[in-house]
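The structures considered in this document are given below.
What follows is a pair of complexes built around subunit A, which joins subunit B in one and subunit C in the other.
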Partner chain A sequence: MLSTFNFRVIWDYMGLFLQGLWATAWISAIGLTGALSVGIIACMMRISGKKFLSAPAIAYIELIRSTPLLVQLYFFYFGLPSLGIRFTEYQTGIFALSLNSGAYMAEILRAGVQSIPGGQVEAGIAFGLNYLQRLRYIILPQAIGVTIPPMLGQTIVLVKDSALLSLISVFELTRASQILTSERFMPAEGFLTVAVFYLLLYYILKSLSGWWQRRLIHRQA
Partner chain B sequence: MWSFYFSQLADSIPFFLKGLWMTFKISGISLVLGTILGFCVGIARAGGIKPLRYLLYIYVDVMRGTPYLVQIFIVFFILPEWGIQLAAFPAAIFSLTLYAGAYICEIVAGGIEAVDEGQTEAAMATGLNRFQRTRYVVMPQAMRTILPPLVGQYVLLIKDSSIVSVIGLTDITRVGWLTVQRIPEGIMVFGLVGILYFSICYPLILLSNWFERRLRAQGG
Partner chain C sequence: MIRFEKVNKWFGKHHVLQDIDFHVAAGDVAVICGPSGSGKSTLIRCINRLEPIQSGDIVVDGMSLTDKKTNITRLRAEVGFVFQQFNLYPHMTALENVTLAPLKVRKMNQNEADELGRELLEKVGIQEKASAYPAQLSGGQQQRVAIARGLAMRPKIMLFDEPTSALDPEMINEVLDVMRKLAFEGMTMAVVTHEMGFAREVANNMVFMDEGKIIETGDPERFYTHPENERTRLFLSKILSH
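Our next item is the complex of A and B:
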């Protein structure tokens, strides 16, 4: 089946693929930054113990987790204009991606915070540290270590999810292969090549996560 | 204007229910098949015949390392070039099953590896063969660790099934996409689509949480 595989076309379009790879990388990077910001805020609201803060955070997290990203994407893409908000496709896409991953990040952070023994927080209270100080000096430094591997896992999901942005005509890796397919009608060359690029990103992130996990075990031992 | 669109949307409720049924069919069938596949390859991978094991690692990595959107394009557009022409429905089932199988394989293999080595040794000493050991000793214990992430994975897969709308299957997402061309109120239309997904996924999330609490209470 590889006999019909046209490597020349892939080579001709390599510039387009690399542009797509670059676009996927920066879209994911901005999306990740957004997701972390949203996730930290939502997590802090959720564990604050104050109903008026935790209730909206829980609603946000559960709503995001029970609906597909594609539906969220269409919701904002078709919905924001009727509210009079004009975003470009890129802005809508990155906005939806950040909100989506933010909910998962919030849950990962919460698990990390809850993994810290209650006695430490009590010790902090006994020292007279306030909530923010306890968070800054006791909880976060310890929680971040254990949350890095699941966060990298979520980053992998985010990179893959960014492929959906091609459906609202954002140019990125998957879009590049759709362009090749429509111009030359060579779906095999297009889609298999981007699959390889995605695998590359996946292995980079996965080995980063593995490296961190080994470091974590060494530190604890 | 809003109320006009609202009544129009209310008129297209049957269309949405049809889409809901399609989502049910696609995710139901591929979850059942994916679970069977996932358990088979998961048990095989934990079993440890070396070449098979590496092959399964590659399978899982390829499925988990590429977006499902790209996978469904590959199945739908490339397989025909190689002489395997699949209609949209079987293509969706096929790709979603393979995709689900990889994630479930990982969960099952992880659950089996979490069972204490001594259990297998004790079963061997009792004279149980490989099948009996897996069936009566290892799996019943592994199931406790497998269940919570398995149900959580089902939620992710049902949500990913929304992507089959891109190859023209009229599931809920595609119904929303078609409706929004007529009723240009994205918030309303995709709000309704979201509610339908929520009503399927949220109970499953609660179920997964319940399994997890039960597991922790048992001291697993």
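Our next item is the complex of A and C:
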């Protein structure tokens, strides 16, 4: 197989691939920021104990988790303009990615919050800390600590999911190899290269996760 | 300082506190004992409204818990609480555990709070552990940090919910010593404990509870040597036999 592989074409298109890699990186970074914001808010609403806050949060989380990202993406891409709301492809794509990943982040965060013994929250109550202060100083620092590894896992999913944005003509890594395919008709070379780049991103995030876990263990020892 | 007036509380159908009348004067130490499930922890948890009550009233330092005008945060600042399981914040150092409430609730500045924190850690005898995390401390040390944290808001009242029950035997005394010191300094205290030596030494008032009711109260000497009620006698014979 290797003899039929045209490595040269990969090299010719390296500039395009690197641009794609860069686009995937920043799209994922913004998507992640959005996902974390949405996730923290949805999680706080869900555990607030107030129905008018928790009900919409549950509806959002369930709706996102029960439907494919591609459907959500198409819905925002084709649906929003018909409602008169216009975004660029990039904005729509990042919006859908944030909203999708945010639902999973919310559930990861909720598991983290629930892992904190109730006694600590009681201690906070007993010393007069209000709900937001307990959240900020007692619950979230610990919840985020224990949820960093699963959140990085979800971030890896987000990076890979960003490939779907190529379907609404956003330029990113996968799109780069689609361009190569349509110009030179060499899909194997193109997608193999893209896969290697995704692998690279995956290992960066994975080693971050490992580093964080060692740090966590070190601090609690 | 603390007054219970016909207090009733239910957990679902379970009537955990039944017509409780109970009073702790300023500077007094009340020791509450009784079999598990008798409602003694619930009783002291009601004092700073960690548990709500369904009828009757509790008045703490002149503030009524059932009065809607009472500022519950202010009331809680007057009442320090020490838990059986310490409930320290594991992501904070001993000093940070103590200074959290002064910083965030009292809005003290960092220097003042640190000074207060060190002073309190010194008071409980572990100033050298100020920058240790709870996981690096023994149970007795953790509970002493928890007492320092309980004192951090300069409360008028300290509540202790079985403070030595989760400790290894050799660590019980270091915690009791700190509590004795507080009692002799005139702190108003309500303590759920079965530590008889401690009770005899510092308590002004013993309270025996069973099945949600106060069965017997009295001064500790008479309470331990001549309990009036049959149930008290039975309970004491069980805890004193070993």
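The rule is short, and it goes like this: the second predicted complex is superposed on the first by the 221 of 221 C-alpha atoms of A that agree within 3 Å, B and C clash if a C-alpha of one lies under 4 Å from a C-alpha of the other, contacts with A are read in each partner's own complex, and residues count from 1 in each chain.
The rule is simple: a residue touches a chain if its C-beta (ideal position, glycine included) is under 8 Å from a C-beta of that chain, and two chains touch if they have at least 3 such contacts.
Quick caveat, the model's predicted, so the values are computed rather than measured.
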item: Combined model on subunit A where subunit B meets subunit C, clash or fit; value: fit
item: Which of subunit B and subunit C A:Q142 touches, first, second, both or neither; value: second
item: Touching partner for A:L83 - first (subunit B), second (subunit C), both, neither; value: first
item: C-alpha centroid angle, subunit C to subunit B via subunit A, nearest 10°; value: 100
item: Partner chain(s) touched by A:D161 [first = subunit B, second = subunit C, both, neither]; value: first
item: First (subunit B), second (subunit C), both or neither touched by A:P117; value: second
item: Touching partner for A:F75 - first (subunit B), second (subunit C), both, neither; value: first
item: First, second, both or neither for A:A188, with subunit B first and subunit C second; value: first
item: Superposed model, subunit A: greater residue contact from subunit B or subunit C; value: B
item: First (subunit B), second (subunit C), both or neither touched by A:M14; value: neither
item: Subunit B and subunit C, minimum CA distance [Å, superposed model]; value: 22
item: Intersection of the subunit A residues that touch subunit B with those that touch subunit C; value: none
item: Touching residues on subunit B, where the partner in the complex is subunit A; value: 61-62, 64-71, 73-74, 77-78, 81-82, 155, 159-163, 165-166, 173, 176-177, 180, 184-187, 189-191, 193-194, 197-198, 201-202, 205
item: Sites on subunit A touched by subunit B in the complex; value: 1, 4, 62-63, 65-72, 74-83, 156, 160-161, 163-164, 166-167, 174, 177, 181, 187-188, 191-192, 194-195, 198-199, 201-203, 206
item: In the complex, subunit A residues that touch subunit C; value: 117, 119-120, 122-123, 125-130, 133, 137-138, 141-142, 145, 219-221
item: Residues of subunit C defined as touching subunit A within the complex; value: 48, 50, 73-74, 76-77, 79, 81, 83, 85, 87-91, 100-101, 104-105, 133, 135-136, 149, 152-153
